[in-house]
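To start, the structure itself, in structure tokens.
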Amino acid sequence: MRAEEVNDLLIAVKEGRLAPDDAVGLLREPVDDLGFAQIDIHRELRQGLPETIYAEHKTPEQTVAIAERMLAGTTGPVIATRVPKVAIGALRARFPELTHNEVARVAVLRSEIGESPRGLVSVITAGTSDLPVAEEAAAVAEACGIKVERVTDAGVAGLHRILAARAPLAEADAVIVVAGMEGALPSIVGGLTGAPIISVPTSVGYGASFDGLAALLGMLNSCAAGVVVCNIDNGFGAAMCALRIVNGKIR
Amino acid sequence: MRAEEVNDLLIAVKEGRLAPDDAVGLLREPVDDLGFAQIDIHRELRQGLPETIYAEHKTPEQTVAIAERMLAGTTGPVIATRVPKVAIGALRARFPELTHNEVARVAVLRSEIGESPRGLVSVITAGTSDLPVAEEAAAVAEACGIKVERVTDAGVAGLHRILAARAPLAEADAVIVVAGMEGALPSIVGGLTGAPIISVPTSVGYGASFDGLAALLGMLNSCAAGVVVCNIDNGFGAAMCALRIVNGKIR
Amino acid sequence: MRAEEVNDLLIAVKEGRLAPDDAVGLLREPVDDLGFAQIDIHRELRQGLPETIYAEHKTPEQTVAIAERMLAGTTGPVIATRVPKVAIGALRARFPELTHNEVARVAVLRSEIGESPRGLVSVITAGTSDLPVAEEAAAVAEACGIKVERVTDAGVAGLHRILAARAPLAEADAVIVVAGMEGALPSIVGGLTGAPIISVPTSVGYGASFDGLAALLGMLNSCAAGVVVCNIDNGFGAAMCALRIVNGKIR
Amino acid sequence: MRAEEVNDLLIAVKEGRLAPDDAVGLLREPVDDLGFAQIDIHRELRQGLPETIYAEHKTPEQTVAIAERMLAGTTGPVIATRVPKVAIGALRARFPELTHNEVARVAVLRSEIGESPRGLVSVITAGTSDLPVAEEAAAVAEACGIKVERVTDAGVAGLHRILAARAPLAEADAVIVVAGMEGALPSIVGGLTGAPIISVPTSVGYGASFDGLAALLGMLNSCAAGVVVCNIDNGFGAAMCALRIVNGKIR
Amino acid sequence: MRAEEVNDLLIAVKEGRLAPDDAVGLLREPVDDLGFAQIDIHRELRQGLPETIYAEHKTPEQTVAIAERMLAGTTGPVIATRVPKVAIGALRARFPELTHNEVARVAVLRSEIGESPRGLVSVITAGTSDLPVAEEAAAVAEACGIKVERVTDAGVAGLHRILAARAPLAEADAVIVVAGMEGALPSIVGGLTGAPIISVPTSVGYGASFDGLAALLGMLNSCAAGVVVCNIDNGFGAAMCALRIVNGKIR
Amino acid sequence: MRAEEVNDLLIAVKEGRLAPDDAVGLLREPVDDLGFAQIDIHRELRQGLPETIYAEHKTPEQTVAIAERMLAGTTGPVIATRVPKVAIGALRARFPELTHNEVARVAVLRSEIGESPRGLVSVITAGTSDLPVAEEAAAVAEACGIKVERVTDAGVAGLHRILAARAPLAEADAVIVVAGMEGALPSIVGGLTGAPIISVPTSVGYGASFDGLAALLGMLNSCAAGVVVCNIDNGFGAAMCALRIVNGKIR
Amino acid sequence: MRAEEVNDLLIAVKEGRLAPDDAVGLLREPVDDLGFAQIDIHRELRQGLPETIYAEHKTPEQTVAIAERMLAGTTGPVIATRVPKVAIGALRARFPELTHNEVARVAVLRSEIGESPRGLVSVITAGTSDLPVAEEAAAVAEACGIKVERVTDAGVAGLHRILAARAPLAEADAVIVVAGMEGALPSIVGGLTGAPIISVPTSVGYGASFDGLAALLGMLNSCAAGVVVCNIDNGFGAAMCALRIVNGKIR
Amino acid sequence: MRAEEVNDLLIAVKEGRLAPDDAVGLLREPVDDLGFAQIDIHRELRQGLPETIYAEHKTPEQTVAIAERMLAGTTGPVIATRVPKVAIGALRARFPELTHNEVARVAVLRSEIGESPRGLVSVITAGTSDLPVAEEAAAVAEACGIKVERVTDAGVAGLHRILAARAPLAEADAVIVVAGMEGALPSIVGGLTGAPIISVPTSVGYGASFDGLAALLGMLNSCAAGVVVCNIDNGFGAAMCALRIVNGKIR
């Protein structure tokens, strides 16, 4: 439900066209109670953000049922993230037109990919082990109609790749930097471009990486000014931040 | 030195107009070696970001000398952050026109505050103890020519203040949310607006806040999609992220 | 053994009606030594709290045997928590009348659910992944004769659900708030009601939630006054705290 | 502002007796903007909880001004916690009738201490170093009209003191247990009484107590069922939880 | 090799009866190099402590081979700890006379259990889940000829059990206290007896026990004077400390 | 109060010679309520352990008053630890015969140092910065009548000192090893002697010692079997453990 | 690509012999894009360090394909580390001449083992459980043409082994010390030799070793001057540090 | 005492020229017992490493006395680190020829700075706040006769400085990289040179740097192969590692 709709609703209460109890009923409407499971509206995003199903701990039947409701009740993108392999078959049987990014474990049931993409986001990856997180960010951003430019394997030993990618960096509305281990890449990218830098630490690394803690702390302490940080392995969150920036720009 | 200048410089090398060694010399130029102290260019920000002096551990004389060089060598904003009280007198004696935000401990030596501000940033503060960090963000953003809308004391017990501030939130290019303790405010603000949410945990709190760790973890785990996080107490970093977003929008 | 019984016993020693050694024997009585396993009296709760079997690491035979002894030796509720699937069959074969909450993994062998429930407890859940912990709290409270009002999926994106549930919140003897991720929900609920707020952090979340640490710290630092916290995922403990409050009220 | 008042206000909007904008104005009213400082309404507690000034980082003038406004705008208790020594003189000059608990650093500007106290709360302290936190809990609870029974120095080496205090424990509406070091006391008290147990870890201890972390973890892992925990050194929070319980009981 | 033997050896060097290189050879002798695996002499304990095989990560063949060498080369107890199930069969086929404590996962290949046991050690367990660690301590101590008195299920809810066990506590040369969760038991036992208290935290507990960290910190911060602590789950270490005490007493 | 006295008291209740209420009164007696401060009986140690005043946060007057009561009410050693400099003058004025160990900050008001000391304890120190903790252990042990053998500066670079001290190590009833930094010394000492090893980590070290955490973890993980650990900087606790061992031996 | 080659390339740009875009193309050349997977050039080491495949999360086909490209495109050593068992068969089928260290999980596809080895490195292991990490270091170093001297099982209880190994220690260009548990061994070795000490903490240990954290902190705080530390379990990194030292020496 | 001297001493024992007890005496000799304080031989380094006084917690008189003994008893460099300002005057009065590096807080009482320096070490600093640690490393290395090349202010925003310094990097025997905040610099330097990289994390940074923990973890997880790490702020340790490398090279 959009913010304006809530406003209309409150004005209707004032003008006596709507009883307070009915207003409460309408406010409760956006969430379908499916009985066996509530739709995870934590990731339901109003104000231009897509409907999202966090599929990791759901049965295929639950994911399909939630997707049906979301597709029926909205007009924007509908995305499922962290989709287990077993759920893809069930989703494809019901929605043959879906697109599936296997590395990212993202299924897109309805996208906004169009002729004229909204905005440009660069997704830079430090190492190949960081690809699942980077692809989650890229696939979600693309489903929201954003053009994505990928720069992979751009760790410290591959700085030339970033230098070679200066053109997309200079034009990007936002740069998503995905890195594990010491998480140093955002500092370097932040020194090369004035675009917003959204960094995503990954749980890649051994021993004293402590499941991404080292990369998280590294990014929070980045000496490049204005670098901001998402939760560990949270490619989806980085895409949502990029979408917020792109939406603001084209407003 | 701007990115384009570096590009020009490299083309000059190719065209034989510049010797490689001279190019190296020029590349080294932006940093003045003052003898008693190097200019802290960690916070010197190319591509539209301001020159900044992190004044906390410098003598007043050092801060003044660095400021002189920065003002002489650049045309954009020049800002000093975390300025100790003792340094303000010395700065004011030399630069009578400076503006000083006492709560933020920020001194602005040259700003871009103009008739037509660039962009709009909301700075929302959970509690009064978070004000120094919020003011650092606000003062730095204003010095860069951004219009800042402040919403203070908007913690959980004051949700009506955020609701009442929906208008600036809806129009903001970025929303900076500053909170200590459990750091819950960005989750609430993130549900109210589609604008980019830059959250700043503060070291405010007692006992199990562990100097801002609780707020930091809370913000990283925000259930509102797309919330991103700065280092603890890093109002300056939040302003720089907002500036990156605003710069991108007006490009 | 009830506190009054201990008192009686001590008076009997004083009046010479009981030898000290016999008193020691009686004090030791409540625990049956089953040979293969001691009854886990850590969760055995005197003073109105129910007998509980923590079934997680026990064989089905052990759980059944302990349940038999508890049912024979007491008159109040007998509950098994964290019951593995394999143990439910064995319990049901021996106690066909048991009730089983599958989501909560709680089996109730004897309850105090009656015509006139004791007290009212609201159990509020932030997201669907928090349901197992919330249901453990709800199922245990119900087995102790308490009426439970459930409010699910009431995370930050679903604040209207909490607002719509103000009626039960206003009447509740205690409100149990179950949330993972940033654990912000108790702060919001605490601002809406003057009832006791028992918060339970869950291990739900990824990366920097560190298995519930983020939610735990968030709840401990709640800016809402008087919010108290249980161990991570400890729905049983929250129910016991609520029972202590209800018992005190109806005393 | 009481919850009922908000309800009345919304009905007035519906009945056309109040314009929405005026309603917003009224909702904003409870917070006085004093210019030099916002009143810390994080600790302002509606629904029966007292107005509180967290005085630690405020100037004496600010604390006095806030207190004036609170006394003028409310009718319930007004309390200042963590009051620095320098602020007591200023407060006493302006409010000669205040009561000051020096160990607790609590100043009570208006209390509800009456002929017929509301409820009974036991405050049990493990060691003398825990007294400031315990006294903060006791002083705040007393200011709210609750009768407080103190049991001090009741650590493991003084178990006889707790045993001797069984009478108040049996009658208490809530028991606040304050302990540092290993934080074991709530487990013992929890086994002796069926009353609600509110435990407060203190930062008392050396080395591996890590400023209260050991006591905090000990209390969260208490083997006594239903023990709940406040933030480290948060005596005020424990009093507020007790007040919530007492308020519920006498409702 | 005993310390005196080393002394003798050095004197022999001085007296010319032994070449330095031969001395080095003799010093290297005590460890058999089995080719496929070195004997884990980390746990080989001179000065009255037993030969021990830490069997967890060894193949059954390796454990058998090491045991053969140890039995051939020594005269004291030979013990295997953390023995996987698969290794027990192999050990029993080769050493039919071994004794096996299944709960403790300890196999004793040669013990010093005799008519007249050396010393008395009490092993007190908080809960049934702590039994494997407690049994490891008990089984190893018994194999070294020490009489062991077990007190099980003596957590806070079972204090009467400890009180009933005051006799063995008063006579014990050392008391081993094994507890998980909040680790409070050593504080209580330490107040009841003047005997040495060796506490062993276990990884038993959920959520905020953090795999034994809560119990470890609790025991380190025990308010009972002179309580000392072993590594988490280290029943073997506790037995070795007890053996050091008993050996010293009977010296 | 000795355990036997409690026993006598309970028998007196049984035989009707004592009313239960009077028994409670007698049990409460050992603690003097001095009004301004409770005697810290956490460190009061029955069963042969000395009366101790933890003087760190007490005023000189309080420490003197507590010492007076302890001297009057007991016959064993009376010790004050962590005595601030300002309190020594006050103590000496009242008890001219006290002995003061300045490095240890220990004042002994009445000791058991006699002609024939009880037992022998070696106190081994890794570095000079660890001396205050080691001296606290040594001074307290000596006050309890134990002979103490000191081996100082015996870190890894000074292993010859330990080797030279093998004689006292071989004869000691217990060895207290005090070390900061990596805390490796107990592993080495544990390999040289079969005596009980009580290790005390100190907060000595920089950066990644994290105020003694590194030494604490090192000692807990010692590869020498049977090494046990005290809290960081807790020399007093080590002395109490040694006293428990010595007391057991001479029983 | 060697540093000199980059220099040549830049001079070619200056001299007009090479277009900037072509230079970029050449700089990108060293990484083969295999489509299904990028070659992990994080561990690709220019300046004398070997080509390395981190094989842990790759399919056998991917590892074989990457190895083919590396062998074709380089002339130095080609090594695969953390090779899963399933990948060894595939590698051996394609490269029958490979050597495989099973304990180390290292496959060497092309080595520099020659008649005259470069340098000497001692690899000292504390316990048998540390062998996989030590062997990774040793196998990689050997593949790079370095002579390796192994000293195993040299923990605190086996100090005579280190003393007996003084000869290789005295001659070594670098000493790699691998230890888990308390990580004390580097301190001892550092006191015995003036050679560079590269310490590697392992995740060996139980409970409070916290997966290698105890050993890591122990080594960082080593009281032996000049001891440096690698990541937990990072034998490869230790070999690379040793190779850097050896390369520098023979330069 | 040099290793060879110990060897000679043992041979003398064998040949009967020296009694064992006298040998022990000689071995104990290097440490002077000054009565008021032991010489801190933790940092006394045999085998070519210098005599060092860690002066932080010593009185000026103690530091002077220790320096006198060290100068009298040795012939190599004598260095005092972390020298408080108050101690410099006392040292200079007694040793007028000392050299003092104020930023590093290092006083060199006797150096090996000569005509022909031993080896070349580059010390690279990320930011000006890291200079004290970097200077400690540089000053100590210079005192040991090593030529030091400084590259300052070479953080991510100043990468051109490192590139410009490629010449000394290519020739260096070791490169010491000193950085706080995210500690990314060693990864970049490690990709530019094949020389040994010794990284030193500093406690520079705010909030989530957690006093150097972020930089420490970043360096341990460096994606550049063979980077090794010292303790936080331990410039002295880095110099000692470099000295070990240089000593090995010129052997």
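Every chain is named by a letter (A, B, C, D, E, F, G and H) in the order it is written, and numbering of its residues begins at 1.
As a convention for this text, contacts are C-beta pairs under 8 Å (C-beta built on N, C-alpha and C of every residue); 3 or more make two chains touch, one makes a residue touch a chain.
Since we're looking at a predicted model, the values are computed, not measured.
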What are the mutual neighbours of chain B and chain G in this structure? A, H
Between chain C and chain G, the fewest touch steps amount to 2
If chain centres are mean C-alpha positions, then the most distant from chain E is chain B
Where the CA atoms of chain B average out and where those of chain C average out, how many Å apart are those spots? 48
Centre distance in Å when chain A and chain D are each reduced to the mean of their C-alpha atoms: 42
Between chain A and chain F, what is the gap in Å from one C-alpha centre to the other? 59
Among chain G residues, those touching two or more other chains are 42, 45-46, 126-127, 155-157, 181, 191, 207-209, 213, 216, 220-221, 223, 231-232
In the complex, the residues of chain E that touch chain F are 3, 42-43, 45-49, 52, 166, 170, 173-174, 191-198, 216, 220-221, 223, 225-232, 236-245, 247-249
With touch defined as at the start, can you tell me which chain C residues reach chain E in the complex? 24, 27-28, 31, 37-42, 44-46, 57, 201, 203, 211-213, 216, 231-234
Show which residues of chain E lie in contact with chain D when the two form their complex. 126-127, 155-157, 159, 181-184, 187-188, 190-191, 205, 207-210, 213-215, 217-224
If you look only at chain E, which of its residues touch chain C in the complex? 126-129, 152-153, 155-158, 160-161, 163-164, 181, 206-209
